[in-house]
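Some notes on the structure that comes next.
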Amino acid sequence: MKLDAKIPEGPIAEKWSNYRSNVKLVAPNNKRRIEVIVIGSGLAGGAAAATLGELGYSVKCFCFQDSPRRAHSIAAQGGINAAKNYQNDGDSAYRLFYDTVKGGDYRSREANVYRLAQVSTNIIDQCVAQGVPFAREYGGLLANRSFGGVQVSRTFYARGQTGQQLLLGAYSALSRQIAAGKVKMYNRHEMLELVMIDGKTRGIIARNLITGEIERHGAHAVVLASGGYGNVFYLSTNAMGSNVTANMKAYRKGAFFANPCYTQIHPTCIPVSGHYQSKLTLMSESLRNDGRVWVPKSKNDLSKNPNQIPEEDRDYYLERIYPAFGNLVPRDVASRAAKYMCDKGMGVGKTGLAVYLDFSSAIERYGKAAANTQNIDNPSKKEIEKLGKEVIESKYGNLFEMYQRITDENPYDTPMKIYPAVHYTMGGLWVDYELGTTVPGLYATGECNFSDHGANRLGASALMQGLADGYFVLPVTIGSYLAGEIRTPQTDTNHPAFVEAEKSVKDNINKLLNIKGDKSVDDFHRELGLIMWNKCGMSRNAQGLQEAIKEIQALRKEFWNNVYVPGTADEFNPELEKAGRVADFLDLGELMCRDALNRNESAGGHFREEYRTPEGEAQRDDENYTYVAAWEYAGEGKEPILNKEELTFNDIELKTRSYK
Amino acid sequence: MKLTLKIWRQRNSNDKGKLETYPVDGITTDMSFLEMIDVLNQQLIKDKKDPVAFDHDCREGICGMCSMVINGRPHGPWEGTTTCQLHMRAFKDGDTVVIEPWRAASFPVIKDLVVDRTSFDKIIQAGGYISVNTGNAVDANSLPIDKTNAEDAFDAAACIGCGACVAACPNSSGMLFLGAKVSHLALLPQGEPEREKRVLNMMKTHDDEGFGGCTNTGACEAECPKGISLTNIARLNREYMRAAIGSEEEVR
Amino acid sequence: MSWVVNFFSSSVGKKVIMSLTGLFLCLFLAVHMSGNFLLLQDDGGLAFNEYTKFMTTFPLVKVVSYITYAFIIFHIVDGIMLALNNRKARPVKYAVSKPSNSWQSRNMALLGIVIFFFLVVHLKSFWFELKFGHVPMDANQNKDLYSIVYEAFSQWWYVALYLVSLIALGLHLSHGFQSAFQSLGLNHSKYTPFIKGFGLLFSIVIPLGFAIQPIFVFLKATGRI
């Protein structure tokens, strides 16, 4: 199938305004009759549902959590980028566009990224108007910080909980539309099937998670905003409930899944401490502004108290290998370097899977500066340390506290132990410029689409993309489809397509409940996660991926024969919910491995051991792989079909990313 | 370490429910409290019994989903900590741990430790927003905001909506939650146009949803995992009186 | 006028009644306690009886006393409504409860009930006697309430009842005083610490002042001083 990205004509800076001026509109009297379903209530879904409601559409919004306010966007710590240039440091939409495309290792679509950079400024205006309490300077104007190795300060933030504050903004807008009767909210509901009639999206089948009731919901269009699929690795920084089910249902109905192998591994997370571990906790990237990453030079020192290892016996490997960026290299580079050191046997901690993140230099530096400003002559070592710790506490106090709560170690005195963990997934459903999937009437926004981040996402860009899609892009672009639907009557949910979809959902649930095997859902999930982490994780190779595909297939077979799901279908049953999600993760895992195997290059979050420079760095193959790999479902048990969207770069020159 | 758990089991909202006792073994101090429950549930599943239902999602202390009263304290013995961030270091070998759901008429039990908190959503829907349609906003820096006010607004906005305040309050009052939201918006100039209407409507919904009244016991503040201060309730009272007595807005 | 009803029946409105009536009653307590120190004067009760006459006949004081009765009733009725409403908000109790707040803050209603029963006994012994009972006249031809008080306070159990009730009053005040300001929204980082400190002092001084009076009379009547 030929993929048409529907990129508007004209110079890149004018594409979006041209598009908006020419897109078809739906008259207000028609909007009232048009129903749109939104799956997910995070930044993308919440913002989209609220804005569609404001525009006058009849919206139904679904989330599996007990309130739309709890979507996992809430957990984002660091900030949100916007090309406001409030700091007068030369920022512009073009620079943000350039940084994002470069950071994504030249595997994203230029036109989409440029639009993202353009609307980024509107997001900040909108959020401030909603009452989002961004950090401010004493003069009362907004504060910025720098983030993720770019050369300007364009990140807006709200202490360490930017995600929560932005989500509460979207949630409040959504709540307003719920109160106005324009959005009907379905909490504790999970979408379990997409319903198509005559080749068009016409609704969904959802399960009420409290009563277990299977419900039919009709609509003129469906918008997926169901987030990322990092939980395919079992352990990730995602929420426990984050899942790929909505995406996989859409995939099986004909939506292409693009670049599933692009996974972002975040370098600074608290290491795994045991088998029972259920999730990994992120320590904000901002810590790398002041922390120095190191491992001992000698294996004899691995179990030593790190404070007793003298300076000359420490290997500050990021500073050694990447002198230009040092500890501030992008996430993918920092993560891979940590893995490399641990694989070499230089990892520290109980499991040998950790590196030190050390603040003692920063404490000393800040301490001396503070002593200086306080006019203390010849401060003692103790005084310097005390003053320095105070500065560190004011900057990272809550993170240090969280670290201590989880690990029972005091990071002011002993270096933190950190290790990379799965954090974000750049891949997702393939969408065109209008955020439409390959299924008519089905849209994908936020992390669940293959997005604007290419092969690697820069820090503080996920919030930007979710809100850009939800507030400013989708509500406009969906009009071009809905303008053609104004004569379509309300969907009849007694249509055979709904009957059949409902039956398949019920059959699937009954199947899961009736296997009555010996292993729990978590057992399978954990095994899948291990295969994925070892063979499709931070670095991959052809042999491992081929093995992984076989192992996942075997695991899937075992799952469908030996899983035990307690309880019944008509009650609140979290194990049943998990079972359905893990079944979809098993299918996704295989697809990810296939994609990783197909991509014979290293790009961003996808690192193939066979494709690296003599120095061991990632090596792209622009000649053969400058395309989006969009996978098409071919039927049960059949290999998926690869479709390619060639990426053309007219406004940016392809270069090798170097941080040395 | 070994523990004896006494957990509230209730099949659904119509069931009466009771505390049941479960011994657990092999608990390590590095585990989080919810991971300890995971261990119990895996054991129950292996024994083909019904696992304990509990709400949880982000497991990093921000989504506000987890909600357990542990030995008589919402979110357990550590201050400023959600249940998911409570670690088993807080307990000793041989301890008995009693785990109950949030108790409030406005938070009916769905199953076991899971309660329905849509009453909080309804309070927000009654006015916890600023009416600004997408695209209507002026430039973000056109409205400087006093840093102290911005910080106070942030402190109030840090509420994660978990409901520990209601669970801790002897009256099951939702005033800290309500006060935090009203304060957040009342402290910002953007909130000014709807200031009176907002507090009147939100208060009405709070009362209609079956939350009790505040008697200033301070239990909410003490148990709040995000340190939301009682000053927000004082501000709420002030805002309500100002709106009810001093404004032209209708008091419903 | 429905807004007035709606305001006072909202949970904040009820608190406003509670705090305004409570603060007024605090003022009453202070005046009542100061005046009653005349009991300690060694003149056979002449000054005290003079004061009693003034307090029961001076028109302005009479008006204030009727307001006081009304406020006591408001305070009680409102308290009962609050307590019932708040009980309804938690139909199922916790099996284990480890409160982090003060005992008195949780038991204001209980303390109120103790104080109410004290009030009944107190009014029966003195106010009712003065109004409707047979009270002898003193040397100045004033009703000799002093002699009735003297007689009552010379019984140990009566004094004990007073002391127990005053402890309840102290606890009630220790939460109630500062709580009233919080309910009225009078919270300020500069003044609240002062209000809290003053409230604590008030909740000690008032019951202490009241306690000195029966103890003094008891000791005197039993010949100990």
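In order of appearance the chains are A, B and C, and numbering begins at 1 in each one.
The working rule: contacts are C-beta pairs under 8 Å (C-beta built on N, C-alpha and C of every residue); 3 or more make two chains touch, one makes a residue touch a chain.
Just so you know, these numbers come straight off a predicted model, no measurement behind them.
Chain contacts here run in a simple line, from one end chain through to the other with no loop closing. Taking the CA centroid of chain B as reference, the farthest chain centroid is that of C. Mean C-alpha position of chain A lies 27 Å from that of chain B. Between the Cα centres of chain B and chain C there is a gap of 37 Å. Put simply, the C-alpha centre of chain A and that of chain C have 63 angstrom between them. Every residue of chain B that touches chain A in the complex is listed here, in rising order: 11-12, 28-32, 34-35, 38-39, 42, 44-46, 48-51, 53, 55-65, 78, 81, 85, 87, 89, 110-111, 114, 116-118, 120-121, 124-126, 128-141, 143-147, 150, 153-154, 157-158, 160-161, 184-185, 188, 190-191.
Contact residues of chain A toward chain B in the complex are 47, 50-51, 54, 65-70, 72, 74-75, 84, 86, 122, 124-131, 133-142, 158-159, 161, 163-165, 168, 171-173, 175-176, 178-179, 185, 187, 210, 237, 239-241, 273-274, 276-279, 281-282, 402, 405-408, 471-472, 475, 520, 522, 564, 566-567, 571-572, 574-575. Note for the complex: chain B touches chain C at residues 6, 8, 19, 69, 71-73, 98, 100, 103-106, 168, 170-173, 175, 203-204, 206-207, 210-219, 222-223, 230-231, 233-241, 244-245, 250-252.
Residue ranges on chain C touching chain B, taken from their complex, read 2-3, 6-7, 10-16, 82, 85-86, 88-102, 105-106, 108, 175, 179, 182-187, 189.
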